[in-house]
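Chain lettering (A, B and C) follows the sequence in which the chains are written, and residue indices restart at 1 in each chain.
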């Protein structure tokens, strides 16, 4: 009994007591004479440190002069829920980072401050930005979000595998036909018939996070009102294209192949880094993973091929957005900070630290120099593509994205034909959109203006 | 003291003892609960005021194939995993009760998985169940078996989740174990003297005395299954929501998506209240069965 | 023979139950270079305990600070739930009064409503109380008892023979003394379980701290865990698993301490006494 007591006290009591009595307390000291601007973001770790350094600088300089102190809170991937709870509870932060897909929801429900009137005073000139990137934060012609750390999705391909397959590593595929032909040559089969290396697979499992984007590579899946349609010609062709890859390699064989791929994306088991897949559709952070886990990988980056008849190169552009939630406590001070952060030299430091592209048309003189991604200039140039596209700006988008994912998955698993799946998914989408619009009318929200919705969805044109 | 006076005293006494709970209920829980009931009759996109729309959410629910799919998956998971886990846990508890030495170590090892944070659990299993590199399939290969694509195959996804659930029965085991130890030794001795076999003893003595504990576990398991979501959510978040063919898309996954992604909090609330009715019905059934077989000393 | 069989079965089960945790521990000791090995190694070839040092010294996720926060919340919450849940369970199981079953059913029903749909109204209540951004939303509710714990304790109280209460009453004990002197000592195993399970729940919860806390310095360990997955810098698997291991360790110790209580029930304390 006494022995047990001693064990309890030493194992639990002593460390716990020590921690309670002598443990660290709050680390940040907030000056009490300043207005505190709450800034919430999803960036943690290295990314969080980069933004914290900038904020420290603001607090030391402009903030100190003007009596403003920015308090950065990193909420990780759960920021979405936290921000919703805070906004719904009437207690939003002064500045927040918002995922681009959520902008239409927030904007339509009046949860964000429109920024257009403030831009001149903040010294922000929209013309200095890459149009496609600036448009990400625009909804129905009004600016609600500012692009903080944008990126474009490109083709990452393995030069070593290209050479091994007798392909010129300096001439990546440019059309979907070439993509197919190259992929065939890059594919290696083991003696037992199983797939060892694959050129390219449109499976949702092989790092294809943007399963909904394929229709853009075949044409335009948006209708006159800027609404995404999976049953459009482009949508059906994209699903048929997905099915054709499955048929070509065999459903059974592709599944066995997928089985061997690490589901874990950020590690050397990543199929691209493990050299199991030669061509992928991915973003600039790939360079961070590669440098960390497989620094010797010989790869390059180019625009993803296209199946559009006019040969234009569709590019998915996206960005985290800086927004000012409506009803925050210190809107004036928040704008002061926003204006400071959006200065080109300041913001580009952040973009560079995060391995992203610059939202500005002409990046600063040393932006590309010693950028962590050696191909960042290509990523940046892609943002200017006339066929650049972003998340379709629909308040029902998250639901649509899930329905499209189900369709792509079902096609990939052979659970349905492309046409049937497109029709079934579109029916669900139509129902969701109709229900939303009926309720929106009831709430007297601004009706969806056809013309400017299209304009703002089609970024950069 | 008059009879009604005694009753009144008992009533006051009962209220006094349970006061922490009902005070908390009135102050913290009742409001949000009532509000969520009201919201289930509203369109409520979180960022704007709720608008009353009548029973529309409930009507839409019945016609929603995804809701049926999620409900079906959840019920299937419940039907497979609850009996399996209960029997497994009871079996382990019985085993653990047997040895005199080393029991504590075994107990701790079996309880260990319950302590692991759910996010870490999901990550660990992502590694374990990987089709080619995963530990589980490597072990199966030693026995000459080709393991399935646990997490990528629509059929195997559900079985993989049942496996993960079996791995996490530690807390149920502990509850059963405590229950088993409540059974007075004299009863066993008496049964032994009467010449009852092990099976008879278990059925006639152990099981009836354990009834309240088994009831507890059954009810908790039903509730937990309907709120099951963190594990599938973390496993399939990176690739596809709900797993292949939405085969691992659960009730709460859909509720969560409706609430926080589609911003249909009214719809999510309707889902929650239908869920409450389903669980209440099942719980009532469990208690009814429990009363029939229950043991009252 | 039978004993040997039981031991073998237990050993096999234990190994199966431990394997994923060994994966966790071994991953936490693998240097970056080894994480990328295909196929992954079972045990680290060159274990690097430096990972733990780096995790402890990290500025982004200050583990000691978060451990202290978690400890404060967990202790306050545990003390509250043990006291009040036991009392409420006593009222629900050993005292006969009208409306008891109805109220018990209502209590059970509160467990069945998922958190997401009451999250926003709850947030609003805490906001009006001025509790958002403090630890209060995380531990004060525990002092009103938690439905799960009350339910569990009630079920255990039900297994205690009624005669004990009668005897106590004849000896002139009031309900309070019966509760304190007879029921609680007999229910030690159940109380130990409540303590352990509640500890684990609070220790590992990340949704409530996420929603109700406001500042980095107030966060808890489980919440800190989510920050090891950055969006474009990659996840530090070894660090993530190292923190997980550190989170698991105290819970394991608690369990070892408490389990002595729940293997000794009535069987050994003896009711004839």
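Basically, a contact is a pair of C-beta atoms (placed from the backbone, for glycine too) under 8 Å apart; a residue touches a chain by one contact, two chains touch by 3 or more.
Everything numeric here is computed off the predicted structure, so don't read it as measured data.
S.K.: If each chain is a node and each touching pair an edge, is that a line, ring, star, complete or other?
M.R.: Graph shape, chains as nodes and touching pairs as edges: complete.
S.K.: With contacts counted as C-beta pairs, which pair of chains has the highest total?
M.R.: Maximum number of inter-chain contact pairs occurs for B-C.
S.K.: Roughly how far is chain B from chain C, going centre to centre by Cα mean, in whole Å?
M.R.: Taking the mean C-alpha position of each chain, the two centres sit 16 Å apart.
S.K.: Determine the centre-to-centre distance between chain A and chain C, using the mean Cα coordinates as centres, and give it in whole Å.
M.R.: Those two chain centres are 36 Å apart.
S.K.: Please output the residue numbers of chain A that touch at least 2 other chains, ranges allowed.
M.R.: Each of 81, 84, 88, 264, 269 in chain A touches at least two other chains.
S.K.: Mark out which residues of chain B touch at least two other chains, giving numbers and ranges.
M.R.: Where chain B meets two or more other chains at a single residue, that happens at 46, 127, 132-133, 260.
S.K.: Provide the list of chain C residues touching at least two other chains, using ranges where the numbers run on.
M.R.: Answer for chain C, listing residues that touch two or more other chains: 38, 40, 120, 206, 226, 237, 260.
S.K.: For chain A, which residues are in contact with chain C within the complex?
M.R.: 4, 7-8, 11-12, 16, 19-20, 23-28, 38, 42-49, 71-78, 81-82, 84-86, 88-91, 264, 266-269, 273-274, 283-285, 288-289, 292-294, 354-356
S.K.: In the complex of these two chains, what residues of chain C are touching chain A?
M.R.: 32, 35-38, 40, 59-62, 64-65, 67-68, 71-72, 75, 119-120, 123-124, 127, 132, 206-207, 210-211, 214-217, 226-237, 250, 253-254, 257, 260
S.K.: For chain B, which residues count as touching chain C in their complex?
M.R.: 7, 10-11, 13-25, 27-29, 31-33, 35-36, 39, 46, 92, 95-96, 98-99, 102-121, 123-125, 127-128, 132-133, 135, 138, 167, 170-171, 174-175, 177-179, 181-185, 209, 212-213, 215-216, 219-220, 223, 226-227, 252, 255-256, 259-260, 265, 268-269, 272-273, 275-276, 279-280, 283, 297
S.K.: Considering only the defined contacts, which chain A positions touch chain B in the complex?
M.R.: Going by the criterion above, the answer is residues 80-81, 84, 87-88, 105-106, 109-111, 204-205, 209, 211, 255-256, 258-265, 269, 395-396, 398-399, 402, 405-406, 409-410, 413, 415, 428, 432, 435, 439, 442-443.
S.K.: Once bound in the complex, which stretches of chain C touch chain B?
M.R.: Listed in rising order, the residues are 3, 6-7, 9-11, 13-14, 16-21, 23-24, 27, 38-40, 42, 84, 87-88, 90-92, 95-100, 103, 106-114, 116-118, 120-122, 125, 141, 143-145, 147-148, 150-152, 155-156, 158-162, 175, 189-190, 192-193, 196-197, 200, 204, 206, 222, 225-226, 237, 240-241, 244, 247-248, 251-252, 255-256, 259-260, 262-268, 271.
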